[in-house]
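Below you'll find the structures, each written out as structure tokens.
Each of the next two complexes has subunit A plus one more chain, namely subunit B in the first and subunit C in the second.
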Partner chain A sequence: MNKQILINDATLRDGSHAVAHQISAHQIAIYAAAAEKSGVPIVEVGHGNGLGASSMQVGLSLEDDRTMLETARKHLSNSKLGIHVIPGFATIKRDLTPALDIGVDVVRVASHCTEADITQRHLGFVREKGKEAFGVLMMSHMASASVLVEEAQKMELYGAEGIIIMDSAGAYLPCDVEEKISALVNGLKIPVGFHAHNNLGLAVANSITAIEYGAKILDGTARGFGAGAGNAQLEVLIAVLEKLGFFTGIDLNRILDASDIAEKELIPQIPVIKSESIVSGLSGVFSGFSKHVNRISKEYDLDARDIYRELGKRKVVGGQEDIIIEVALDLIKKNK
Partner chain B sequence: MKLVANNLIFEDCKKSCGDIKSLSELKGNSILVTGGTGFVGKWISEIINYINKTGDYNIKLYLLARDIVKFQRQVPHLADLPFISLIEQDAGNIHQLPIDINYIIHAAGSPDNREHVSQPLKIIESFYKGTSAVLEAATRLPNLKKIIHISSHKVYGKNEFEKSINESFSGKIENNKLDSIYAESKRIAESLCLVYRNNFRLPIVTLRPFAFIGPYQDLDKPWAINNFIRDAILGVPIRILGNGLSVRSYLYGSDMGYWIIKSLLEGEAGEVYNIGSAEAISLNNLAKKINNSLDSNNEILNKSSKDVYTDLSVIVPDNSKIIKHLRVSQNFNLDDSISRTIVWNKFKK
Partner chain C sequence: MKKLNIAILGTGNIGTDLLIKVLRSDYLECVLFVGRNMSSRGVSKALSLGVSVSNQSITAIEKNHKNIDLVFDCTSAKDAVKHWNILEPLNIKVIDMTPAKLGGFCIPAVNLKEVSKLNNINMITCGGQASIPMAYVLGKTQKQIKYIEVVSSISSRSAGPATRLNLDEYVETTEKGLTLFSGVTKTKAILNLNPAVPSINMQTTIFAQVEEPDMNLLIKEVNIMVKNIQNYVPGYSLINTPIYENGRIVVMVKALGLGDYLPKFAGNLDIINCAAIAVAEELSKSNK
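Let's turn to the complex of A and B:
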């Protein structure tokens, strides 16, 4: 087996969730340089919710988009600079155009898994500019395999050069990965990818299952630094892929060094699977909610697990962070 | 710069039309083109402009479309021509057409498959209502001679085994897929044409277009050749998405325009003709050809969900029927088509 797997390192983007979007330009510079040395193909940078997302609703970034991207750009030459873009947060004129001018190479345009229609203009714009465009379906556990294929096919027609499904809630079991990745590989012309979260301790296993069933793109983060229980741990992923005979172009020793650097310079607390993370995964709640849920549960003296369960029942998706307070207030009323 | 692009098109029309004496029957006649501001409408306008200028044929052209302002902005040299009248209307709302119309080219409806999957209901509705309204209005035209219905090769369904598709081919259409909506809508439109031809004796000819290339085709349309040319002009890697062994063919815009005009005169009512090039090429070779045409060495990337394909998509027409019956020929081969498209795109602004 010598199949090539494209690795997208989301440490400086998904990791942003884990520190309430407080990653500094200095930290970006240090990690980007380390990732570059390791031969990481794509280094994704920005606010956890992507370009243009810094806001009171989902959290204000320490640094603005321009600073983050310009800093990363300076330290990446062979590695491509990637961004996560959710139409609605990011507009073409205000956000995407300047980002491409700064030198972004790869744009991953994301939508909720049943709303691919919103990505048409952004994907088209990126392709028009000659940059690499991928489609991302977030919270993909909320849609059936056939719906995911239909939505992914739309993105393919809009110009996506690959489709990544995100297990944003860390809710997948390997059998779910098998079903959905197989359906996408069969239903699409373009490569398929998988972005894992570790709520149920399956992030690396699920990623490997994804490639066994035809995925060619995997996401990971140093030490699993990411929202909620974190992502597929990149250095572990690379080691396992190497052992399985896959080619990533990443130097294992250097990515181990990069993850050590990340632990020292970037990650205040290594992600662990806390009790509420397990409940969050079982309830299918967006991992990006964890900071907000922790804060609000403390503020209102509620059990975070109850909030996750209620959010799961309401099928809340990324971008609806303001509903967490509503849920908390409802729980207080019920508890009275 | 724009003058160069316009001159190129005039020369293209000259080459495609050849001796225009065979079109003398069109003298003093009026032609309506629905969807008149799109790729087909613009090329019909260019061909008629060439014929009128060269032969003093005084052909009148009505272009009916939803967005006339866009047309006026994009191609003022056509919009300002005295023999062209612009009608801003949705084809589905047509009731009364100008009484002097002799020929109709019904080309309304977008072939852009991004729209088909994003707005499937609108697609079905626009083809059904648009075609019904045009045909109904046509029954009230006293001097109508011919209607050309521009259908699509998509009505044939999937072809994996034939080297080319003839007019009697019938492949599988996967009804339970969103991207079949366009094919099904075109089949509904063809059925309507059949009914109006049978019940109202409307003289309807059906053309089933395959792929075209040339000036007036936006390079951001989601089709391989457009994207390859765009990437090559931008100097970025040419990206082949999916199976690079898929086979396609491309007819140049001015040839397409002339063939449609010829079908007004020579097309037999009730007949179906493929319109497209028989010059087949794989996507892999197409990308290389485009690179050669630009004398560039852009990287060519294959991006595919599968490592091995068990099926092959071949979308190439058998165009022998239209060549024989309408006495037309392909004047621009693929090399010419690509190089002229590139030149036009460089000079259009």
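Let's turn to the complex of A and C:
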């Protein structure tokens, strides 16, 4: 069995959600340098929803895409610079072309888990430019294993060199990971990956389950810095993988240093599983909604849990943050 | 009264839904429904309605050009360019349903009379037809808007293959339309596809970054605009009264379709098609 695991460090991308997209260029420089020293293979950088996603809908970034990518680029040489790209937010002309010109190495083109065909042009473009391209299926708890395989196969056809499924809502149990990762590993010729969230306290356990069933790519973030209840804690993941006899190319001591640096320089509040996070996970709501739900529930004096439950019922997907306001106004009407 | 002879180019969701609307119109006559594939669902539908069909695409229109006053181009942004190169010399007017940006941008509730003089009229995008009239009202009623952003969410089932391949053009064209009609330079358009079953209705949120909003004037003008749009898109309505929240004005609208070819949730198809029919009927009336 090949015991090599590819690690994508999403601290500077998913972490952006946790600070309402206010990561500064200075912070990017500090963490990118630390990740580089640890031998992290891919350092993902940008707005939480990826390239071109700075918006009133999701949150306006402190720094623009160019500044973020140029800053990270300066501090990465062995580590590759990665980005997350969602068609519908980012266009090839406005966003992707300049990003590749800055020197992005790895592009992960993402769509909601049932909408892989919107990634065709972006994936094709990245391959044409000779860069590494991965496909990402977000909110993957919302589709069955067979649908995920179908969608992943489309991305494979478009040129993706690996498929990552995201548990964007932190809704998976280990048995769900087993079922879905096994199906994907059997149905694809390219490597499969898993991106966990920690709403139910299972981020690391789910990531390890994914590896047991054949996944070769894992996402993690320093101290779990990320949307909602946070991600799989990267330094824990590296330690556990090492104990299990897997190779990541990352130096454990140095990644522990990097995570300490992240805690000191980047993370105002280490992610914890709050009561709302649990309801959010159980309701299957996109983790990136948590800051918005917090703000809006306070603004309109509502229980955040009621908002999550209603959003879950309405099967809202990532990018539909505007619906939070609608749900809040509806709840007020109902409460009257 | 003589009806305007039209041809529909493209037999996907947009083309087929337009066909049904044209057949209902007192001002329009569909002489040809053309695509590339005789076994498509749209062609079967047209045959069942007794409409002349062809799988010869643009060639069929060239052959019948003397009998055609107007073409609805319902293909893709890329193909629309090729088609216009052929149709322009033949003096055939085009209502362009793709985001090819060849002709004048049209929002019927704002500039119907002006664009009816043009030979190529672009219907922008579905999200544009829903959001731009509101952006226009925002531009008219608010001082110093720094930025306008619109987010449309549509049901996956209502987005056909061309829509999915044209997402970038959708974004670019919608943004261009927003700037053109609102006067605000910095604009952004976002499109979400939602696969939920039962399908979600098309809805669009318009955000405007404003420091001192005039909500009373806005709400008054928005209500007038909604009534104007309802004249040609009956299913268009406000979801909530516009609010000011977190430094931004938020206007939320939805478009419920007529349920002609696709179910009612596909308001995104309906709104752009209803707008196109309004333009074609205006052309027919002014043709007399």
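Operating definition for what follows: the second predicted complex is superposed on the first by the 334 of 336 C-alpha atoms of A that agree within 3 Å, B and C clash if a C-alpha of one lies under 4 Å from a C-alpha of the other, contacts with A are read in each partner's own complex, and residues count from 1 in each chain.
Keep this in mind: a contact is a pair of C-beta atoms (placed from the backbone, for glycine too) under 8 Å apart; a residue touches a chain by one contact, two chains touch by 3 or more.
Model, not experiment: these values are computed from the prediction.
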If touched residues of subunit A are counted for subunit B and for subunit C, the larger one: C
Contacts of A:Ile332 with subunit B and subunit C, given as first, second, both or neither: neither
Subunit B versus subunit C as contact partner of A:Leu184, first or second or both or neither: first
Subunit B versus subunit C as contact partner of A:Gly214, first or second or both or neither: first
Which superposed partner A:Val317 touches (first subunit B, second subunit C, both, neither): second
Touching partner for A:Arg121 - first (subunit B), second (subunit C), both, neither: second
Contacts of A:Val192 with subunit B and subunit C, given as first, second, both or neither: first
Subunit B versus subunit C as contact partner of A:Val272, first or second or both or neither: neither
Which of subunit B and subunit C A:Gly130 touches, first, second, both or neither: first
Which of subunit B and subunit C A:Leu157 touches, first, second, both or neither: first
Subunit B and subunit C contact sites that coincide on subunit A, given as residue numbers: 117, 120
Interfacial residue positions of subunit C with respect to subunit A in the complex: 147, 149, 151, 153, 156, 161, 164-165, 167-168, 171-172, 188, 190-196, 200, 205, 207, 209, 239-240, 243, 245-246, 248, 250, 252
In the complex with subunit B, residue positions of subunit A that touch it: 3, 117, 120, 124, 127-131, 150, 153-154, 156-159, 161-162, 184-186, 188-192, 214, 216
Footprint of subunit C on subunit A - complex, ascending: 55-57, 87-89, 91-94, 111-112, 114-115, 117-118, 120-121, 142-143, 295-296, 299, 314-317, 319-323, 325-326, 329
Contacting residues of subunit B [partner subunit A, same complex]: 113-114, 117-118, 177-179, 220, 222, 227, 230-231, 234-236, 239, 241-243, 303-307
